[in-house]
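Take a look at these structures.
Next, two complexes with subunit A in common: one pairs it with subunit B, the other with subunit C.
Now for the complex of A and B:
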């Protein structure tokens, strides 16, 4: 008997465990991991994408920092930001100044938008002794230009991490890490595929929690958890509802409250794809595990990474194609644009994407949220009406 | 003064004195809009591009004109037309939360892209997306490309997150210039690239930049002969827009320098829309862009109180020439274009922005820092409260904060701004009494 079958956990246990991780704003799991062995380090990162393989190969734990959600009281963070700036930077600062991130040895701020970019500078001013890096990715996608630049950026990132650990990241170690993350991405895709086929079994809020667990657990444990979930969910007998199938788009940075994910489902929409935690599946294919690993990671980014508002689309006719392809592949009936208030990337992108959807006659609606939104009734009503409309169209 | 002319400005319907430099700039701008709106007839190709990271010298190498959507938005803001354009764009589905420059531009397009001379702007032949210091740029040109369907070339300028320009960043930008931009410009314009032509333009740029820096630094005098924010936006005009690298720009800055030399000799304060400033009471450093829709009213709130801006960060958004001495360099043409882009103000990390402001406060003997927080602009605004706090801690000088918007009149509340400014001036007075800040002489 395979070990995973022997050790297989019940669905409720898995989901409860993920919920505990999600609720824990002290990141106890990551703290425990660090404390378990002397010399361990934890590197925080914000959305949207960082190559976690490199952190892992340095013997470190990548820790996704996705804001404070709806359970964190933001007291200090508001003093750092004007009212018209989104929530995630202020709650992230709150996590830091309340010492919830005091075990983190470094922070990475990806090139998602100007708010995260400038947060990297705030970090440097607040914590000058902690390693922090604005992590840039190329917007030129040819290997001789963007690729060369990116490989060097990856090397500089690796050197920064080596400075913390005092040990060199070898190609062998990096290739091993790539292998582990390849496996992790396969499982993430399996979970998404299972949800696509049987969304009444793999409920979206559970899948959400399962993906969130990947932000705080070592990759090996997260992969095991997904394996367990996949087995448990198949065995589960859950009623199939007459819901429509939607893709949620625009939530790639500041995360919606879990209640919002639940509300969409309760309102009659099965979420069959989303862009919640893109880091889990940003690279759309296996990264080779031999040869030069930095070049392989760069190549993967240039040639088969996902698409989101923070990435330039070089050709006009390709704008929105990624989303339309997802609608087709996932057999979605509509798209819900759910973007954080004041989120420039998502909100500036929205008119182009909705134009592309309209040209294909794909129904869509949009609303805004904040990570601490409490009132779900309006969203539930909007999503409910959307579901009804789609059903009516479908029957017409 | 010998080189002044009495003219009447329609906006204010009042007599003001215009210096020769102002008249020259006005003529340059009018001529540029004339060329832009007659581009087809003149057989000229047009590149739309942004102020930060604008490659005017390079564009000129291809006999192309340079059209800057931010400047058009500003023009529409100052003419009080942007409010309606923004609302039109919102009706078209653009979020109320995003940058109003973008919406003013899109709203203007829907109305036929009318230039300040009343004639329609041409459809650009190329969108030159110099992605420098602002994320919105990337989306803005994707949106324009969606509408115009014209060719778009991206120049990705990496953000200097660690406060330094690395070789990797410079090489990356140079490579893009060589392998993407220049071939695209050659193809679109039909003109072959000549690096010596570029060198010559860069030589002219450096000359103009020397004089611009001299002008900006003249604010170290007491009283300051210039206002480096409200006046500053006019002084940077030629260098920010379509004229860097031209003999016209060199001449403009020579004229301006001459005028300011005279003001210093006569111990005169800056020119304001109501004539020369009287007593200089407060010397300020300002961070953030101005409000354009009520520009005069906004400025008046300062000069009426005798407040002069002696240094501003906004005037560095299209290039930083004073802080670390950057000049366009004809001997290293492409590298210097890369460094220019990499060094624009909003492409610098927050700690560098704080260092710059701290140095301005010191060098220009300012009483304090005023932040104009712009609702539209995350690139500037996200982090400004941290900048204020750090500056106060480091210098002991008072910092204050007002909130407006660039071109959306809904976010300019005169009473609020005035109240805050008055309290701020009182705060400076209190500091002075407590011996915390040097009294302007």
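Now for the complex of A and C:
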């Protein structure tokens, strides 16, 4: 696979490159990165969030594993799970047993839900010689309790990675990595902000592919890619359509098929915010690049991380506030709840979030998908009639 | 003056209309319809629009809003897209202001839409199985029987002993029709049987959206099939559905009409919002 060539600045070239990365279920870019120098290691991680800075500081490549999408036939994966759970663990197992992940030196399973936790157990049974870790995060957000716990969790993660590489992760290296990821998050936010202001220029399916590229590329390359995309999209002359502006919510783990993202847009909805691949912008402010980096990362998680169904909200009245704030800040006209079938966190969160929206008179609809959903007509009809309702009977 | 174009890209035909909406007065200026017949529908849509604009004595730049509906979401020259339910509801109210339900019977499916006096969709049901209750199926059968589209309705009205066909599956229904031909069932009785099967399904839709004591306007390409309209009235009488069903000579344009009227509405609304934004 080609690596990113800096003089390839045309929008189509950038999007095509991201599409190639997205379609590649063999993770060739990550394999090539590993093969380029002896001693390199790749650490896979699943949604929703892991501190990629620590993996990077260990000289390793963090590799986002987001299931098999709609181009992977799950044959073996179904044997490991009951039928009434989501698809991402089955397709992830399928990726593994078909040797598509056989170059990965470790896997991290964040505390997204019970299914992902159980997947970490299956992984240990299947690959006892490969490093794997259930990466827990605090649900108590005080420094004394959650902070102490999380710093210890981060140190254990670092020690595990040091065991693979054989070298110590220094504070200096970690601060350098934090700096690189700060820059990456700034660019991610820039892309989202450009899409918010000119959604007809930065199309959602392109932005989606651009963010997906960040799952498989080194952070430095992904940042360059976003810089080039921002320049290219500003130069692009695309017609503005009379679409409504929506936020998509509930897709933080198992990803929708790309056609679903395209269908929402085609149905007359500009997506002005979403929760796809939250790892790219989980920390919502700059993490300091001096002092104790573990404590800085912990402080960022406790005090300015994003919100999603797998993060506890201590005060009941605060539940859904982030979504209402996002509607206001992004000038959205409605919310589309799009969650994977059987996704307990997203689907159990939905009534609370939709209640909060209803109290603010913010229009919303909901539907479910699987990563391999193929029939988009019902979703187009639903999203399209939602857009009509907003455009014809809404306030704006 | 706001000139708005409406383009309804259906499965069987593309319809384009131009409306002038000024101070709340809605004036239908021009129209164009073209059967698709295995040609590039997007190209036909553009040609239909250009012809409608020419007939209106206008230029493309004079059109404030180009609204699409039907299968035209991805037309790159449109200003905005509205879904078929939305546009048929509004187009139905334009053609028949007393209507409180619209029965849209197109080439691929039928749907009953409950509407209010503004054309707002209050509820809907649509055929969910296959194409045996659709215009495309009727057109196929007509071709097998060697008759034209225009002959279907009048022939159906001549039936004296109709044979019902499968209302579930177009493949089974087509087999039924082949069997009928071999049993020398007359063409009027075959056509009437098809109309009766379709009507039974459509009345179920009307019952599902709870239409009672109202005027129902038939829209879509099948609205001009007088055989189907007669079968529908008979089915409604038989099932004690108390509605007054009507067709309109321009029913086939309902989707395009609704798109153009809503397009003009959006054009005015967006202009007002822009003015407000500038003023503030």
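Couple of notes before you dig in:
The rule is short, and it goes like this: the second predicted complex is superposed on the first by the 387 of 396 C-alpha atoms of A that agree within 3 Å, B and C clash if a C-alpha of one lies under 4 Å from a C-alpha of the other, contacts with A are read in each partner's own complex, and residues count from 1 in each chain.
The definition used in the following text is that a residue touches a chain if its C-beta (ideal position, glycine included) is under 8 Å from a C-beta of that chain, and two chains touch if they have at least 3 such contacts.
In this text the structure is predicted, and so the values were computed from the model without any measurement.
When both complexes are overlaid on subunit A, subunit B and subunit C end up sitting side by side without clashing. In the superposition on chain A, A:243 makes contact with subunit C only, not with subunit B.
Angle at the C-alpha centre of subunit A formed with the centres of subunit B and subunit C, after superposition on chain A: 100°, rounded to the nearest 10.
In the superposed pair of complexes, A:355 makes contact with subunit B only, with no contact to subunit C.
Once the two complexes are overlaid on the shared chain, A:125 sits against subunit B while remaining clear of subunit C.
Once chain A of one complex is fitted onto chain A of the other, the partner contacts of A:392 are limited to subunit C, with no touch recorded for subunit B.
Of the two partner chains, neither subunit B nor subunit C is touched by A:373. In the superposition on chain A, A:98 makes contact with neither subunit B nor subunit C. In the superposition on chain A, A:280 contacts neither subunit B nor subunit C. For subunit A, the partner touching the most residues, choosing from subunit B and subunit C, is B. Once the two complexes are overlaid on the shared chain, A:182 sits clear of subunit B and of subunit C alike. The overlay of the two complexes leaves subunit B and subunit C separated by a minimum Cα distance of 18 Å. Contact residues on subunit A toward subunit B in their complex (touch as defined above): 79-82, 84-85, 89, 109, 111, 113-115, 117-122, 124-126, 133-136, 138-140, 142, 144-146, 148-149, 152-153, 156, 309-310, 312-314, 316, 319, 341-345, 347-352, 354-355, 368. Interface of subunit C with subunit A (complex): residues 65, 73-74, 76, 78-83, 85-86, 120-121, 262, 265-266, 270, 273. The part of subunit A that touches subunit C in the complex is made up of residues 239, 241-243, 266-268, 380-381, 384-385, 387-388, 391-393, 396.
Within the complex, the subunit B residues that touch subunit A are 92-95, 97-99, 102, 129, 131, 134-136, 138-140, 142-143, 145-146, 149, 152, 154, 156, 158-159, 161-162, 166, 168-169, 171-172, 175-176, 179-180, 349-351, 353-354, 373, 375, 378-379, 381-386, 390, 403.
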